[in-house]
């Protein structure tokens, strides 16, 4: 009984965690540069809807994916213009982006509701597929995005911590004054981080519509954007930790589905609460020590007057 | 003297009008791109709103928005950022439901106030948690209220699917219908319910509290300069918790209103984003009561337009969110640093 | 390497620098000595390119230099180590330094930077772990990182602005060794401070500033503590402080601190075992250079800072755990240096600000008895001979002096028995300052006890019935009126004298 459950949960964790991870990585980049995008949910939806629509029209999921990435980047660019150039309130702007994403995605997706598309192709290396406990499950039968999830996380980590650009981005997120004093252009760095982050967000949304469900429905992201925001905090703004967190949070969702299918008595809703409660607990645990791992620049916005 | 006061008021009104026009123009452009006729849409919307029923629907939509906006505005006087209106709303509905289901036989004059009080209490307690965390400097209230937003609807769902499941509602589970005594009275033949009175009373109470009482003065002192306030002897920590709790209570009343006034039972999806919309209303209005009234009405119009568009133009309701967002973008882009 | 001639700078009515000549040579430590307000920070800002002088010229390496910005100064090899480090606590030492390197490759080679850091560190006694996050470093180590930042960016002339202010005694020793090492390799060092002992310990040449002018200069080995103190604080021989009635015997102590300690967090000064008694009808002055714990002392008495040891007594009652509100209700008033930051709320009107901190005196129903408040405050303004400002406008509409008056009127309105005045005249013009002092004197004459914490020795000399000296969180001297000379106090303030009287 347990092995299929465990395998099912693992497989589901990876599948569900993929979009979560991409979204988290994108938001991590943004927050590392000192900007919180509460409208991540909107960005995900826009990516999902545009990806689906383009795929439905062109029949090519890769085009859809590219379109989704572009959409996400542009959306975050708009957000960046509001909060960086116009210096608007980040929380209000984020919520506005969320509503924008609701509306745009609904508009874009409406003509294509119910369309049947060819999603992103999945494949599994033969030698893995031959393993007995693997072949029966969906384990390791992934599309490109899932296969690339871990490498992309590594890439984001490498960008942030091993390149001059990443150092600058982190400096901006900690202290725009210091970044400026070192001869950098904080606004430019923030736009770059947002743009890249937005593309990852668009990709995250596309994974939902082009791979996981192969459908489009309004609000289909079902709060994933906010889970990702929680996950950024939970993983202490570290892309590598985000991988673990995405598996964990994705696993919670997968577990819930598996248990439901088996008629378990544990309420699925309790499980769904886990990501948020866990994050809150983690914050409480850190709260005792003054040192939050958050980029100091987030302080003014996200943390009010801390 | 009144002329001098009128001119900045006129200028403000003009600015607001320009924002509205610009946003509408952009929205019309988007509709055109989507292949729809914006003029027809506008005509349909206006027509539907000028009927008695249409207007009453606006009031129905406005009711929860007034409350969730106060839920944000009140703590903001203390410098607190409450983005947890959604969660507080759900917990208000939840606790109010508990009250109604546990005392089904009570007479109306007992049950209705009780249910209202429990609605308030549910939201207040839910908001007090982040309040305490913030007062103890453990967790910032923005994150805490945000995270709790998603836990509350799950508690509601759990209850609806579990202990409070109405028999025969397996397809779309919901609680049993409330006893009549717990329902908010409706006005005339419309769906406008007593919750509107509660909401207006709450708005009035908010205005009086902040502008006219000494507690409001102390709240504004904390919001303006918490260190000075503390040095002058104001118990800042107490105010922080109380402020968030009061705000949460307002949102809780909104939840109670939706449950007891509109739906008649506890359901999932009680709030299509009322909490977040309330945040934006409060932000746009700068926390001012009249502004909240105006903005809530405006948002009600916009969402009503959404319904009309759905029916007459075949557009998904969600498209009005674009108009909403446009208005916000314009205001955000014009006011560097935010409204407050 | 660098020489400045005839530097003058005026800020409004204040002549901060008046015809200053200063030259820095490679291979020597040049100390710039002066008390607060002497013009040291203005001069350093000019040398670093933050501000431009009104008159005078600067030559770097013999060539005339126009320092229009810190970047230009850096390009000429001038580096400044500030009191407030521009470091990012969350990043490591190596990352912080790399951030400011101009030749950083696109893909970071952290080991290369780390190697350079270790090399310089070994050369100059600035050893730090390149991979340690800055927030884990002690203040002394952070200062080392700041210095390394400059060295790796090829600076040759180093300006240190009050570097020992934040260091522990053993770290100061380390800093002097760093100076020696840098000196040996030909760097020029400008050491700005007010601490005598240190200057004598490490400086090759000393320039003393007083009130914007060069009061004197000394070559190696010429300076002595006595001469320096006299030069810094000036002669006050001719002026006898006005004879005041001494504290009558038997007067009840108003405020007592018995062995009071308060923990300082981060850069705050820890107060240790303070014993202090303030009587009714006296002005107790507290002298000290900045950073000695003055603000912390004021906060401790006010009730804002909790006692970590010892006790606080008010009129013979143990008030150690009283809240601020309770203390204020019992007659404790607070006159701060920066009223807008500490005692007023900028978003509110003058009238509303007047109502803050008045406790329950004006409670009326749900609101306040505004009429009674205005009457009392009006009377207070009249008693102080201040014009009553318009009450409706926001308090930010008032000038600094008027704002301080509003705060004073409010604090003195209810006849406080204890007034804590923390730098009350800082930033005020001469006339406003004089009237504030007069008010405090009058309050004292009316029986109140005034705790006057100030860095202005003249003011303290003028006002205090008794004078305490605070140094690094401890009380190191007590002088009854008429019994002290500026030099003795100066010694204690700068840590170069023996503990007296306490």
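Each chain carries a letter (A, B and C) given by its place in the written order, and its residues are counted from 1.
Criterion: a contact is a pair of C-beta atoms (placed from the backbone, for glycine too) under 8 Å apart; a residue touches a chain by one contact, two chains touch by 3 or more.
These numbers come from a predicted model, not from an experiment.
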item: Distance-maximising chain from subunit A - centres being C-alpha averages; value: C
item: Chains most often in contact, by C-beta pairs; value: A-B
item: Separation of subunit B from subunit C, taking each centre as the mean of its C-alpha atoms, in whole Å; value: 49
item: Length of the line joining the C-alpha centres of subunit A and subunit B, rounded to whole Å; value: 28
item: Subunit B-facing residues of subunit C, complex; value: 302, 304, 323-329, 334, 336, 341-348, 352, 355-357, 359, 363, 366-368
item: Residue ranges of subunit B touching subunit A (in the complex, touch as defined); value: 30, 34, 79-81, 83, 133, 136-144, 146-151, 154-155, 157-158, 161-162, 226, 273, 276, 279-280, 283, 315-326, 328-329, 332-339
item: In the complex, subunit A residues that touch subunit C; value: 162-165, 167-168, 170-171, 174-175, 177-179, 181-183, 291, 293, 295-296
item: Residues of subunit B defined as touching subunit C within the complex; value: 208, 212-215, 217, 220-221, 223-225, 227-235
item: Subunit A-touching residues of subunit C, taken from the complex the two chains share; value: 70-71, 86-91, 95, 98-100, 102, 104-108, 110, 135
